[in-house]
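We just call them A, B, C and D in the order they show up, numbering each chain from 1.
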Amino acid sequence: MRKVWMVLLAVLGLAGLALAQTTVRVGVLLPISTVAGKAALNGVQLGVDQVNAGGKVKIELVVVDDGNAPATAVPALTKLMTVDRVDIVIGGLASGVTFALSGPVKQYQPLFLCIGAASSVVEQAFSDYNRFFHYHPWDYHNVAAALEFFKYLYDSGARRVAILYEDGPFGSAGIQTYRQQLERQGYTVQAEPFKSGSGSFTAILTRLKGFRPDILYWIGYDVDALPIAAQTRQVGLEPKLIYGAPPAWPTGFEKNNLSNDIAGMTAWLPSVANNESRRFVNLYRRKFGEVTDEYMAPMGYVIALSLGRALEAAGSTDKDRIAAELAKVQMDTPFGPLSFKPSDTGRTRFQGFNQSIWLQFQYLEGSRRPVFPPNRAARPLRFPGNY
Amino acid sequence: MELLLQTLINGILAAGIYALVASGLALAVGVVGIVNFAHGEFTMIGAFIAYLLFVGTGLDPFLSLGLAALVLFGVGAITYLGLIRPVLAAPELNQMLLTFGLSVALQNIALLLFGADTRVVSTSYQGATLSLGGLSFGVPPLLAFGLSVVILGALYGFLDRTRLGLAVRAVAQNRLAPGLLGIETQRVYLLAFGLSAALAGVAGVMLSVMLYASPTVGFAYTLKAFAIIVMAGLGNLRGVVPAAIILALAEALVSTYLPGGGGWVEAVFFLVIFVALTWRSWRAA
Amino acid sequence: MLSVQGLCKRFGGVTAANEVSLQVAPGEILAVIGPNGAGKSTLLNLLSGLLRPDEGRIEFLGQEITHAPPEVRTWKGLGRAFQIVQPFPEMSVWENLLVGALYGKPSTPRKVAERVVAEVIELTGLAPKAQTPAGELTLLEDKRLELARALCTQPRLLLLDEVMAGLRPSEALEAVALVRRIRDSGVTVLFIEHLMPVVRALADRVVVMDYGRVIAEGPYDAVAANPKVREAYLGRAQ
Amino acid sequence: MILVGLLLLVALVLPGLPLGEWRAFLLDTAQFAFLISALALAWDLLARTGQLSLAHGAFFGLGAYAAALAAPALGTLPALLVGGVVAGASSLFLGLATLRLHGMYFAIATLAFSEVMRTLVLKAPFTGGAIGLPVQPAFGGAFPLGGYYLAVGVLALAAGISLLLSRSRLHYAMAATRQGEAVARVLGVPVIRVKLLAFMISAFLAGLAGGVYAMKTLFLSPYDAFGLGRAVEALVIPIFGGLYTTTGPLLGGLIIVSLETWLRLRIGEGYLVVYGVILVLTILFLPRGLVSLFHRKGAGHA
């Protein structure tokens, strides 16, 4: 008899705990068939596992593919809002898709935790929306971070920059700003567009040969990395630095000799030396059996963790109380400290990271090592590099 | 002058890989009469074969050419027997939908297996260069060009000098003749489609060296290959190389001489085709 | 009715029509004959507008039509049946004929067109096959359809391109009777033919072509006795 | 015919049905499905004259951009009209240039046209270029169902024109042109006029659909608006549903979009494998498309 009572008590206790625990359903809207989208999703899941393991709150994810296209993303968001009835959505990776989501988001008024969408066109679209938390830096932050690096290179003797930019939204967005700012720093600039994925750069690079650039700066995608590295050598361009800014780098590129000395910008590397980053890398390896290079993975992870914090503090599933707590969150992340402030333009109220998360790395002896800014550098920058 | 020479060289070297992808497609379209939307996916399989062998055994991609060609010949033959043969007599549009479905399925199977990642191999010669009197020749494009010439030479030799080759050409030039689908024709079709896939495989291996391997690697080149074979004239296997050279030269010239020309490359490529097709059609009147 | 003067057409180095001149009088049946490659089909294509002449002039019913597009010639009353029958395979016989009846004359009302089809389908004996898809016809039926479709455009002059080719003698006889009926209904006929018995039976007048030129012209018997004509045929045969 | 009417009726009353929590999702999905079906119907109209176009993605995109740019000055409905007219006018140029091309040659010429158009829009100074163009919602967002009913309207118009044409005398001209152009001309069919007319009607409808699409996604970029994927979809749907009919593209479009959506929700990753396999199986077992399930004999196949 006593045993029965004990069991009954235990059951009741557990049930009580479960009731006290705040459970929230969160929609995730990502292009899961792309590399970045998949990494982001993994990161979010990892973060949610950790939050749920804490026991105080419980997050349930409803994952939908945004298809990386407006025509699939809009109905997908509608489904999250009306069928799954979530109040919180994590998503918004690509700028174009996120822009298309601005209408329905304003209609259904969710708490929107935006993981990517750096274009300031998106910032404009969400400027009057107060449940918009943008974690990723804006494009002007990216420009600022890169320019800081260029200033350093100018002081090291670089004078001429050739810019290769892909002619889609990613490459074209900041190009005018880059050109003006670089010229203001004293550089001579020649910019040439290209079609990403075409693989043929010899002609453009031949054209640039007459310009004799010190720095070859390319803004494109992972598919362009190897062809540019190889064909720069093939035409004998011999710049002092190849500096690339793709959202991701190809798998296996570090093992390729051609990658040596190529520099790039990222928000995060697995080798970044801070506690949160190390923790993330360990957890990720345990759950997925591999290390990821994609900074969207820790970005998703950070979003989930910060949401967990806000939920715990709010002790409620009300989206406005959660938003209020999220606005107050201060935490260490793999990228460094996170807290929300109004954006630099003042258009949106909750901006997470800024240019300070960007770091410059260089492929050196088969891996990527931070080389700039100096306080985060693991190695000195090899300049001039050997191409 | 040197710049012009270099530009011409760049264009002609680029034409090698165009011609290779396009020749495979020309066999499928010109001989079998199938608009094969899955040709790019065959290329992709070739690229992955090279990549996986490289990662697994460290084999140099150029050494996997033979294997890739063989595997893809098999894939092509199976595709022909299982899917293409049943729709040979169906309207062209039905065949298009069929190969489009196959293309979607293959691409997404690759996506499931390997993810969307862009993967690169590393060889000692990817950035290697030959210099000749101020002109430079990239080694991989040169290898690809040389290999294209050899393979296409062998293909033309086969078409010109062997009985089976003659049969292939006869079918290509006389596809709509009634009473086809005899046993001989069936064999020619099987052979041509298999060869078409094998050429795609070879092109894929080269793409893995020069570009990368990923589920979508075949797309860009296949689109251009379609344009090239149409410009050459369907069924005109010999016209493929000149058409590829003209288009690659146009691209190289625009990129090198037009400020910001890199953004106009595609437009010029397709404009040349548009003008060539329409002009030819009006002149023939 | 039809007047052709100095018509020339060159394909590369080959002159398929060389200074061809001929006249067709209303109500007659004119045959154009000649060995293979003499330029007969080229002439017909020039007349119906599928080819453009390099030189020369074509007049029909007193109006110049040298460069008029094919459909305009049809509207003026110049009908044409092809040697290689080309029915619209996905349409029924009735629908095939309806195309000719609807478009043979500009803005023919549907009702009128249906009436024309009904007449022609009776005349040509295709009525039992009206609803059969054209892709399923026999050769003879195909030939009749070809002829009937041309008739549906209500031509004043009908150009026939070897419509008897491939028919058995009995079938050819039927066809000859049909062409006579057509002429009797007031249509002038210009036809190309290989079968000499058919030419002899039908033609009021014969034009002989060789190497793109007109080499003889006149009644059948006179033409058949012409040494140039004999040479053209025999010379080719050797 | 009855089926077409029924489908349009359902589209009309769909927002009023008790759909429960799925309502908003269904309406959104349906709106995109209607637009893509309208595009497929438009493509089929041109295909009836034997011209296989790969330019319909471009007509769609031109309509979208033109409507988006015109909307602030003219208001929603006139702007949509402008979109249709711009697409139609561009088709007149394309149609004239490609009059003598057939089959694959025609297809590749139209593909080339759309690639050139995309680059022009990308480089033009007033289109927002690569960064993209923000678009106002239909009627300034005044009616929540405004965009939906515009899509229904475009679909009804496309289906109506499609039905009308298959009953008119033009039907015979188009079918004759497709099945034998030279013969058709000799029979008096004004083939050039028929082809150009079909081209313009078809492009006009595609442009209209593009305009409504722009007002739904609120954002245009050249790579999305001129995507080759959409041009291919415009051709896949009619083949899947049944060529040269009204029911075929209409039903095909609705089913293909529903199927794709359903598979994405059910299977998630890798759903396109199943999608591709279904297309292949359809061709192998229903070579005349879905409509052959309804018409046992090839009725309406003139």
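The rule is short, and it goes like this: contacts are C-beta pairs under 8 Å (C-beta built on N, C-alpha and C of every residue); 3 or more make two chains touch, one makes a residue touch a chain.
Listed by chain with UniProt protein names: B = Inner-membrane translocator; C = ABC transporter.
What you see is a predicted model, and the numbers here were worked out from it, not measured in a lab.
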**Q.** Chain nearest the overall Cα centroid
**A.** D
Q: Write down the chain pair with more C-beta contact pairs when A-B is set against A-D.
A: A-B
Q) If every chain is reduced to the average of its C-alpha atoms, which one ends up farthest from subunit D? A) C
Q: State, to the nearest whole Å, the distance from the C-alpha centre of subunit A to the C-alpha centre of subunit D.
A: 36
Q | Centre-to-centre distance between subunit C (ABC transporter) and subunit B (Inner-membrane translocator) (centres being mean Cα positions), rounded to whole Å | A | 47
Q. Using CA atom averages as chain centres, what separation in Å is found between subunit B (Inner-membrane translocator) and subunit D?
A. 31
Q: Name the residues of subunit D that each touch 2 or more other chains.
A: 122, 269
Q) Where in subunit B (Inner-membrane translocator) do residues touch two or more other chains at once? A) 111, 263, 266, 285
Q) In subunit A, what residues contact two or more other chains? A) 33, 167
Q: Based on the touch definition given at the start, go ahead and assign the chain network to line, ring, star, complete or other.
A: other
Q.
Can you work out from the touch definition every pair of chains that touches here?
A. A-B, A-D, B-D, C-D
Q. In the complex formed with subunit D, which residues of subunit B (Inner-membrane translocator) make contact?
A. 29, 35, 83, 86-87, 90-98, 100-109, 111-112, 223, 226-227, 230-231, 234, 263-264, 266-267, 269-271, 273-274, 277-278, 281-282, 284-285
Q | Complex contact set, residues of subunit C (ABC transporter) against subunit D | A | 48-50, 69-71, 74-75, 79-80, 82, 86-92, 95, 98-100, 102-106, 110, 133, 149-150, 152-153
(Q) So in the complex, the part of subunit B (Inner-membrane translocator) that touches subunit A is made up of which residues? (A) 3, 6-7, 10-11, 13-14, 55, 111, 115-122, 124, 126-129, 131, 136-141, 207, 210-212, 214, 219-220, 251-257, 259-263, 265-266
Q. Which bits of subunit D are touching subunit A when the two form their complex?
A. 21-25, 27-29, 32, 122, 129-132, 134, 137, 141, 213, 216-219, 221, 223-224, 261, 264-265, 268-269
Q | In the complex, subunit D residues that touch subunit B (Inner-membrane translocator) | A | 47, 52, 97-101, 103-105, 108-109, 111-113, 115-116, 119-120, 122-123, 228, 232, 235-236, 239-240, 243, 269-273, 275-280, 282-284, 287
